[in-house]
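Lettered A, B, C and D in written order, each chain numbered from 1.
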Amino acid sequence: MTELISADLIGSLNEQTRPAHEDDFGALGRQLARRGIDIEAQVARAMQWSVAIPTWGVGTGGTRFARFPGPGEPRGIHDKLADCGVIQQLTRGTRTVSPHFPWDEVSDYNALRQEAAQFGLGFDAVNSNTFQDQIDQTHSYKYGSLANASAATRAQAVAHNIRCIEIGKQLGAQAITVWIGDGTNFPGQQSLTRMYENYLSAMQDIYAALPADWSMFIEHKMYEPAFYSTVISDWGSSLIAAQTLGHKAKCLVDLGHHAPNVNIEQIVARLIHVGKLAGFHFNDSKYGDDDLDSGSVDPFRLFLVFNELVDAEQRGARDFRPAYMIDQSHNVTDPIESLMCSAIEIARARVQASLVDRKALAEAQEANDVLGAHRQLKAAFITDVSPILAEARRRQGGAHDPVAAYRAAAYRAQVAKDRPAIRGASSGIV
Amino acid sequence: MTELISADLIGSLNEQTRPAHEDDFGALGRQLARRGIDIEAQVARAMQWSVAIPTWGVGTGGTRFARFPGPGEPRGIHDKLADCGVIQQLTRGTRTVSPHFPWDEVSDYNALRQEAAQFGLGFDAVNSNTFQDQIDQTHSYKYGSLANASAATRAQAVAHNIRCIEIGKQLGAQAITVWIGDGTNFPGQQSLTRMYENYLSAMQDIYAALPADWSMFIEHKMYEPAFYSTVISDWGSSLIAAQTLGHKAKCLVDLGHHAPNVNIEQIVARLIHVGKLAGFHFNDSKYGDDDLDSGSVDPFRLFLVFNELVDAEQRGARDFRPAYMIDQSHNVTDPIESLMCSAIEIARARVQASLVDRKALAEAQEANDVLGAHRQLKAAFITDVSPILAEARRRQGGAHDPVAAYRAAAYRAQVAKDRPAIRGASSGIV
Amino acid sequence: MTELISADLIGSLNEQTRPAHEDDFGALGRQLARRGIDIEAQVARAMQWSVAIPTWGVGTGGTRFARFPGPGEPRGIHDKLADCGVIQQLTRGTRTVSPHFPWDEVSDYNALRQEAAQFGLGFDAVNSNTFQDQIDQTHSYKYGSLANASAATRAQAVAHNIRCIEIGKQLGAQAITVWIGDGTNFPGQQSLTRMYENYLSAMQDIYAALPADWSMFIEHKMYEPAFYSTVISDWGSSLIAAQTLGHKAKCLVDLGHHAPNVNIEQIVARLIHVGKLAGFHFNDSKYGDDDLDSGSVDPFRLFLVFNELVDAEQRGARDFRPAYMIDQSHNVTDPIESLMCSAIEIARARVQASLVDRKALAEAQEANDVLGAHRQLKAAFITDVSPILAEARRRQGGAHDPVAAYRAAAYRAQVAKDRPAIRGASSGIV
Amino acid sequence: MTELISADLIGSLNEQTRPAHEDDFGALGRQLARRGIDIEAQVARAMQWSVAIPTWGVGTGGTRFARFPGPGEPRGIHDKLADCGVIQQLTRGTRTVSPHFPWDEVSDYNALRQEAAQFGLGFDAVNSNTFQDQIDQTHSYKYGSLANASAATRAQAVAHNIRCIEIGKQLGAQAITVWIGDGTNFPGQQSLTRMYENYLSAMQDIYAALPADWSMFIEHKMYEPAFYSTVISDWGSSLIAAQTLGHKAKCLVDLGHHAPNVNIEQIVARLIHVGKLAGFHFNDSKYGDDDLDSGSVDPFRLFLVFNELVDAEQRGARDFRPAYMIDQSHNVTDPIESLMCSAIEIARARVQASLVDRKALAEAQEANDVLGAHRQLKAAFITDVSPILAEARRRQGGAHDPVAAYRAAAYRAQVAKDRPAIRGASSGIV
């Protein structure tokens, strides 16, 4: 295993924070014991958790207006794997990466798999890109890809997705996530129905190429890059597609891809009900697909999503095996720091949701003790579970405070020596 | 047939506006002919159209803050039928009414059916009310009806729905619309999943009581009266329910029941795609379920919905037999005037959508001539089809200008003599 | 002082929870000490805090669809004062009530003031009601009150507001809150400009009647009961009005009265910047003016609002003396329980915001250490400050757990013996 | 004058459509005469109208995901002027262009001014760009420009704005539009108040450099590129800034820069009320700042905005001299076609609003004849004023159907010969 951050440094920093941590951990343990909860079971549970990091997430993101790169930007997939390795080493809860093609193309995928393993990383769902044109591409995606009016363009997009599956097999992945930007900017630009039929037909071609043990994740998004209609704009459109395709197809929930005010946790509950929840792209949002850091704007919403997930897990909902990935755009922070904090905030919401007294909750619900039921959730949410998260990291070799350790290690300054600075106007997520 | 408004008055008013009408109608006919459209075919088509009036719509609506009744409020179902008769007599495009129980309960439904027939009216889908408590009710709907945690309350709500079906059979209706306000005001108040399961189970009991030739319309609504979660909050939840219940169950679209910014015409297209579009509750909205007059705030959205409907009709989409009803709350206008204008605006959108050159549209779409395709829709929308609508009314005995005729007839002042004035603070839709 | 809940009961319940409380309080004190914060100072600060209870808040609320009263509903202002007294006795952070006229009219306001004092309550801002018609009213508010097209109606509404000020003077209040529902349901219904001019003119008449030491709070609301336009729909319209009227006029922020996605804490910051922040109506919302319990849906937003308030307080912003009131609609809970919990959640957000290390925050901001700055806020928010709140209550004679004490005291069952049950369909906030 | 499109071609196309146009124009004239409106006066009024084209608008736009250029993209300001010249030649209602710096920098601005004049174009408000970094820039705008925590960065942004004013003076412009993307992506990232104070201070420095006859247009935007807070996020923040700066500073309204559901026409009315309406950036939107073609998604909203403008014009509102510009992102259409259509749709809304019978409207409003008032607006909106617009174009040398003439002239294919194709992945608005 490659040691990207000195284990000695981590150990010595943890030693400095040990007395405070032990005091907090002890007090929380006593409080939880009074509430009938074993803190050790919670630590063990936290240690099992992992969320995938998307390879593109370690690069600085941008908007259509501008992109402002930071120092030491990863030059390609190899640098990206190292950056993901740092996140995993310090947080110990991000054991896989999710690659994106053609961005992450290499000549030898077995070598790439071994390279990742050196950082303690495996490969999660592969992602196909048919929302941008590549230099050598025959047909443009300007007017769509899988839902394009042109059969030739659709076929090209299908072929790219099948190629992603082939690569994914070599990397040990078992799922492909299909997100397309297809849609329209004008009423009438395309037939809403014909676009959907074209999409379903193309997806069936991709589905046919899925290995037996693979899943297909369908990702819906309300808008952007299309601004009047989007083919898979909501979970209803995603569900019909998943039903049309078959049992390997499920619906992926990105927390930022919904209309304003929508109750996302109920969508999660509905997809669990029909056995079609593929998993999550975690982020936070205030306005649209803002791709902000998870839990940074509405941490209670994140908790309520996990409340559904823990509930489904504990009652043994059928076909319930969601995949978890962070999907954020880090425009003004060091992506490694943002991803570490986000991984922690996601884990925090899961531990908090695990503290809910589900028996008392069900009793209050059954008795229509509205406030009593609500207070069960709030009691879990206001609990500061930081000591559980820190302890779970420490026991696996991670840091009490990953950001402090990362800064102390000066990793960014180190890699910036080899990675050239990027200057000038650019924009978007290229 | 009872003559609520003097046919002589209508005729004499039409005679006054005849020269102007004929000039406009002639000019439009020549323009449409140049565009390859036969105006007579459009008049004939407009004459076939009808939209149902809800019996509760002829009473003044309100908000939780207040309700300000007007003069001559209908005292019960008999007055409501007369008011609906006026709307039909003047507009000739509202041939059915949709009743609501227990609000419209009478002792003899056959007599009621004949009474309606005297006004040229039949009965459309029946509506059940399990969102309010009645004086003699055993179980309260405070915490829900079909999705209540209590089996006894659910059974009571099921029984009421079955009773509505029984009444509907006597009235000649062939569908029941089920809308419930069930939901929660607090995270945790109820299990989102258990509420949905309870709802589905109760709906199956109602579904089992449906006659062979009946349909069940499931109406979704994002929020209100519940303000954190609603059991059937979106078309996805409605679709799963309709799929679970069977082929008689379909999804009803109320234009005001969606999240901000949602593309409603695409939802319509999706429901047509899966053969599950039940029909519409027409109104307009700016903020939420505002229940404003159809076409008063966003007439182009109404046109785009009809663009999907006419498209589906012309290509012969399977299982496509939508039901149409107006569902508005008339808080500051004379409900009869609002309903007449709304019926006209809905018919306007349909005629405009019928003018779209679908061959040229499809060609532009196929060629990705984005602006060319869009302009096909806009060309239809900016056409002033008022002369077609007026001619269709006139040929069936209606008025060129229904509001002018209604005001000239002084119907409201007449009925106000018999219908007592309502004073003082009250609120809501009671 | 009238003892509504037995002090002995409170004491004995506190004694039972004392060991757990002391363990938690001790641990939190040690943690805060490590963060450089004196827990005793925080307890003292929490003890100074108070938020007003609106008299109408102790009755069960409703929607336009229905209202489902609970047992023991207050029959009038005297019962309401008692219910508010219970809230204050148990939470010790709600020392004033805010009355509403004509709802709370009595013949002797001095007696009412003494009656309130017996419960430890004073009177906060008076509220005028010109959004409903009263039985004996000359002019209807159907088409508006202060912004009505009719000068006579405007004058009637002005007179009512001036009467509210007169009553308020007798009660010891020093402010009037003016919220009107005036607006339109149709484009064109009124001139948007003339309505505003009418409003400003009427408000000037009310302003002229303000005593020297009084303030006028202008409350904006995006929509409802008007559904196309509202005269004072946003803080911009409110600000111009406050500037037009004079220094006694300020802008009140109700957390549920904004467009979707709006950053409310920045509006608070802007109003502080111009010295025009009147204060708050606290509640929570997911869709519109849902009037849900404070902190029940988005507790981080509540924290962020208090982050601005504490910041303004600590840097001594000019003209910064906000008034605080809870304004919720309790449709499915016991209003007393909801108000106690809300008072606690509001106090929680304030204590959390008080823990922010503002020096470290400013340094991180100055250095553009984006994540570092954000983590300062999150560190404060995730702190479980319940022990500080409980201690502040206990030291003033309140309960560790107000809801538990309230339930143990069976107050609702007691008063339900004297207060008649309400049955049957009703709706709204009457 | 340079003839970009053959005047002969335009004349011959107009000749072909003349009979149909004359029939439609005649019929509309007769109808309007019956309504008391002189069509010739409307044609004359339409001929006076002009809206500015932004130089960047003739290039293909994009999103953060991708940008798909079309053939014949303008290579720089000279090509852009030619493209704008085509728009003006065919529509005759776009007599000015609005430049953007540093994008449009040249060495000789007098020459540029003459070059534009050759196309019949003058220069409108200049636009400064401090939301992107330029290659040679000392300080980055990553964390903001005019509101940056760093005084040096603010000074650099101020200097750029002053330089834009200097350039503008040479071009004959009389206004500068200041839009900044400054804001935050995280709660706590910056002090909301300090950012605003920094902004105001920097703006005062720019304001001090304004010539006596210049105006400063402040443009607010809810979000993007910042996704948690934006310094000038709403018209309230813009208004305070304009008040702080002085009478030359006014508030610009971009139709896509508001929260969901907001009533924009009322904001327009409020800014007119306080004499602070700077003008407009026209576009349409469904979700956010979609920058769609004007009138393509909600044409009635555009009409309602012009209803306020025409009303203000006719009653002689003080300080009412709005500037008009189109601001759209043309991602999937030929920008020239989109801009021509948008210019027509904007002119259409203005002519429709000019048809409103304001006397009858005011009477209905005064009488609270709600529906009657509303119908006055709808009567104007449903009028097909295309013949007036076509006639106004024709009389000035433009085309009956500008898009048809543009396509017939094959302008794009011509210029594509000289303008190199752009290939490969790129994104945004660079």
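Here, contacts are C-beta pairs under 8 Å (C-beta built on N, C-alpha and C of every residue); 3 or more make two chains touch, one makes a residue touch a chain.
Being a predicted model, the structure only gives us computed values, none of them experimental.
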Farthest chain (mean CA position) relative to chain A: B
Result of counting contacting C-beta pairs for A-C and A-B, higher pair: A-B
Mean-CA-position distance for chain B and chain A (Å): 42
Separation of chain A from chain C, taking each centre as the mean of its C-alpha atoms, in whole Å: 39
In chain C, residues with contacts to at least two other chains: 142-143, 184-187, 189, 222-223, 228, 260-261, 263, 286-287, 293, 296-297, 300, 332-333, 370-371, 374-375, 378
Chain A - residues contacting chain D, complex: 61-68, 131-135, 140-143, 181, 184-187, 189, 222-225, 227-228, 260, 285-288, 290-293, 296-297, 329, 331-333, 423-430
Chain B-facing residues of chain D, complex: 20, 23-24, 26-28, 30-31, 34, 260-261, 263, 286-287, 293, 296-301, 332-334, 337-338, 341, 348, 370-371, 374-375, 378, 381-384, 386, 403
Chain B contact footprint on chain A (complex, rising order): 142-143, 149-150, 184-194, 196-197, 222-223, 228-230, 233-237, 239-240, 258-263, 265-267, 269-270, 272-274, 300, 304, 307-308, 311-312, 361-362, 365-366, 368, 370-371, 373-378
